[in-house]
C-alpha cells in the first residue's frame, strides 16, 4: 500500500510495451503529473510531442495476460491556470454539405479557476460573457499495452483503452482494463478541465494535471473492453467506427458482464439491458469512436445476485 | 383553445398525406388513444396492423410548408394493465460473431401498475424477481406528413419524425416538427410504458395509451429535423444510419438553432457545443437510427440572448 | 406480346401506389420516354419537378405481392444532344477535413454524339481537351411501388429499387423486382449517358431518353431486393447506409439465390461467394447507398445445377 | 540492381519498426518466401504465430519519412500444393438477423495445381464437383512501418498498408507506400492462391508462397495512402470502417494524385472521377475495411499531361 510520487521525464505517443518507468504493486497509489494533449506541462512548457503524450508506463507486479487491471482515479487536479480548445466544430460531426461552411479559426484559452472550480473563456466571445462551466476534470487518454504486441497511437482507441475522451473517466471512477502484456503497463495523459460529449470540436479544455490513482489487480478475471464503475453505474466502453460498431462491442461486453458476474441468463440480461440501459457517447473525433454502455446501480441493486468482487 | 376528445376507428402504418381524421386549431388540446406497436387496443384486441399503427392524422389549421408544428405532450396514460417486450437483444446491437449465439425466445408480458407507477415482468425470470421499473411512459413513433409527398413506414424515421423511440418524448416535453404538407398532418402511436436507450431488444414495454397533447404553430420558423424541449434541455433528433450520420444531422441542426435563436456566431456556438453538449441514443433497431443532440438549459441560461419565442 | 408506345404527360417524384398510366401484360414491350433528373425533356423543356421524375407507373396484369417483376432493358437512347453534370465531387465522398476545400462551381453540359457514341464536355476544361467517353446509357432510378403502402422519394432507394445509379442497369440487362402492390406499378426515369461508379459528383451525365423495355412475371418467386442479370453475371443490389449494410443486404440475398435456384447448401454457396464474388458500387450520394453483389456466369456454368427458369 | 535471395527464420504479426532482416537498395530485387495466414510454410509446418505473419522487414537504403517506397510485385508462386479457406460466410457480411442461421463448419483445403493453374476444393462439395478456379495469386497483407512509431497488428490495415486483401495486389502490380520510418521497413505475407472481393468468408485460399519483388524509391514524393498501378489502371487503397470512410480516404487521395501528377484542377479531376471512376472492394472482414478507387489508364491516356515519373 505504498504511495509513489513519480515525476515523468519522458512521454510516449503510442501505448505499447515500452520500458516501464516505475514498478508498483496492487494496492499502491501513484501521484504523478500529465502534460496536455500538445505536450505542454504545468509551466506551459513544451516537454513532449503530439498527440496526447502519456506518462508511464507503470508496471504492475503480478499482472499477466488474461488478468484485469483495476485503476481507481482518486484525484485529477489541473496544475496550471489555463487550458485551450479548438474554436470550431470538427467537420466530421456536421453534415458534409455544411462542413464547407465551417470557418478556420484559431484555438483559444480558457481560465481554470481552482478556487471557484469554474472554467471560462479567456477571450471575449460575444454572447458567452456570462458563461462559466463547472470544473469537471477527466482523463482523455489512458490504457495498457495493447493486444498482440501492438503499439497503438494515442490518437485513437481500442480494446486496451486509449483516447476515449469519455466524461465518465473522472475522479472517483474505477476503471478496469484487460491485461495483454506482463505488468499491464499502464499509461495516462490528456487531461481535460471539462468537455462536452463527443469532444466535437476535437478537444476538451486541454490542460496539464496532477493525477493520483490507485491500482488493483483481478487475477483470472478476463475482460475484452475497458469497463468502469462509479457511484451511479457500471459501464463498458466500446471503441470502433462507426458508432454502431462501438455500440455493438460495448453492449456485447455488458451482456457478458451481467451473465458472468450478476448470474443472469440471456433473457434476464436482455430484459435489464432492453428496458434500463443507458448509452453515453465518448469521442466522435478520432479514428475510432467510443460508445459507452451503462447500467444504473439502482437497477443492479434489484438483481438477485450481487456482483462477485 | 378547444379540447377535442377523439376516438380513432382506423390507423395508418405509414406517415404521409392521408385524409385527416380531425381538424384542430393552434392552441387546441386533443385527448385520444393509441394502440400498441402490434395494433392492440386497451382491451388487448387487435384493431390495426403492424408496425406501430398511428392515430390520426390531425390537420392543424394554418400550418403550411416552412412552418413548424409545436406539440406539447401533456399526458401519456397506459390504458391497460399489461405491456410486452421481446425477450432477447436484437442481433444488430451485438458483435456479429456473437449474434450467432443469441437464442430465439418468445416475447413476454410486463405488468403495468398505475397506482405504484411501476412495471414488472409478468413471468418469473430467475434473478429478476425483485426488479420493478419506474413507469416512464413515452411515445415511440409520431410525426407529420413527410417531405415531398412521401409516405414513410412507421418502422423507420426521417426528418418528419417517425419511429424514433427516444425516451425524452415523454410527458411534459414539447416537440417541434417541420411542416411539409398543408395542415402538417400529425400522427402518433407506439406508446411504451418504459424503455432503455436504443430500444435494443427491438421493443420498449409496448402498450396502448390514452394521450393528451396540445398543438401550437410557429409560422415561418423553418426547421429541418424534429426538435424538442423539456424542463432541463433543448434537443434535436437526427435520424439516419449509421449513428455517425444521425449525429451529424442532429449536431448541424443544433448549431443552426444556437445561431438563429440564441444569437451565437459559429465560434460561440462551437464553444457551447464542444464543452457542454450531451448526446442521447434513440432507436438503434430500425432502418434509421436516432441520435439526440442536447444542450442543457442551465447552459442556455448563461447566454446573452434568450431564445426568441 | 404487344408493343405499347406510351408518351407520358405527368411524372412522379415518389415511387408508390400511384394511379397507373398504362396496363400491360407479361410479355409486352413498352417504348416510352424519360425526362432528365431535373425534369427536362427531349427539347430541354421543364415538364416535371425534381428529383428524378418518373415515367409511369405501369400496371402489369397478374402481378401480386410475393411475385417478381421481370424487366428487360431492351434499349436506352438519349433523345437530345446534351447532358449535364455537377462540377465538383460531393462533400460526402471526400475526407471531412478536405470537404472544406471543395469550391462551389456551376454545373456544365456534355455533348452526347449518337453517331460516334461518345460523350464530351461542352465547355473547355484545361487538361480534358481530348477526353471523350464512350456512350454507356443507363437508368439511374426505377422501381415498383414500395412495401407496405409507402411512397418513397426518388432521391433514395430501398427494397423496391429507386435511385440506385448503378452502371449495370443498362441495355441488355434484365432486372428482377419484388412485387408489393397489385400490378407491381413499375416506374422509370433518371437516364445517364455515362457515369462513374458511385455517382460521386452527385450526377451522372443527366439526359432525357427514349426507353424500350419488355416485362415478364415470375409468379410465386419471392425476392427481397432488386436482382439483375446480364451477359456476364447475375447480381443483387442492396440499398442502405452505410455501404457495410448495403453489402450485407446484397450478400444475404445472393446467398439465398444460390441456395434456392442453384441447389447449393450454405458451405457450397459460401465457397462460391468467398472465392469468386465481385462487388460493384452503385450510388454513394443519396440517403441510401447501393452495393451490388455479383457472381460471374463463368462460375455459375461450373455448378451442378443450372438455375431454374 | 542486386538480386537477393532471402530465407526468413522469424516472422512478425505486427507491422512496425522491427529490426530489419536485410538491407537493400532501390533497384534491388528480393526473392523470398512467405508463410500462410496461420504461420505454416511450404512443408505445411507451423513456423510462426497468427495472424498473417510477415517476412521482413526489409530496410531500403535512403528511404526517409516523406518519401514513397515503390514495390513491384514481380512474381507470386505458391510453394505447396494445398491452401485452405473458412467454410462459411463471415457473420459481419450478412444481415444480422440472418447471421443467427449461419452454421459453424470446419475449414477445408483446396488443391492448387501449378501446371493447369487452377484451384479446386480438396473435399467433395455437392454442386461444386466441376468447380475449378483460375489460380490468381495475390498478397493479402504487406506494408511499411506505420506512422508515429506505431506497431499495427497484421489483422488490420491503415495508411501504412497492412491486411488489405485486395485482389489487385498481384503479379505485375506496382505498389506505392508512404515512408514513415528510416528505411521504410517493408513487410510482406498472407498469400492467397485466389480470393473473391471482400474476403467474405474471412480467408482467401490461404497458402505459402515464393515471392519476388523489386523496390524503388521516389524521394520527396509524399503520399498518404497505399497506391498502385497495373496494366489497366492506377488506384488508391483507403482503409477504415465503415466502407464509406474507406471510400472517402481513397477518393480524396486519388483527387490529390490527379491534381498533383496529371495537372488537373478540381473541376477537371471531378469530371474524370465523377464519370470514369471505378471502385473495388478489398477486405470487409477485418477491423478496417478496404475500398479501392481506380482510374483506368485508357482515361488517363486522354489527359493533356502524362503523369510525372
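First chain written, first letter: the chains are A, B, C and D, and each begins at residue 1.
Just so we're on the same page, contacts are C-beta pairs under 8 Å (C-beta built on N, C-alpha and C of every residue); 3 or more make two chains touch, one makes a residue touch a chain.
Since this is a predicted model, take the numbers as computed values, not measurements.
The chains that touch chain A as well as chain B are C, D.
Chain pair A-B has a twin interface among C-D, A-D or B-D; that twin, with over half of the contact pairs alike by residue number, is C-D.
Chain pairs C-D and A-C differ in how many C-beta pairs they share in contact, with the greater number at C-D. Centroids of chain B and chain C (each the mean of its C-alpha atoms) stand 34 Å apart.
Taking the mean of the C-alpha atoms as each chain's centre, chain C and chain D sit 32 Å apart. We define each chain's centre as the mean of its Cα atoms; on that basis chain A and chain C are separated by 47 Å.
Touching two or more other chains at once are residues 92, 96, 102, 241-242 of chain A. Listing the residues of chain B that touch chain D in their complex gives 90-92, 96-97, 99-100, 102, 104, 242. Residue ranges on chain B touching chain A, taken from their complex, read 85-89, 92-96, 98, 102-103, 105, 119, 121, 125-133, 194-201, 203-205, 241-244, 247-249, 251-252, 255, 262-268, 270-281, 284, 289, 299, 302-305.
The touching residues of chain C, counted against chain B in their complex, run 13-14, 16, 147-153, 155, 240-242, 245, 287.
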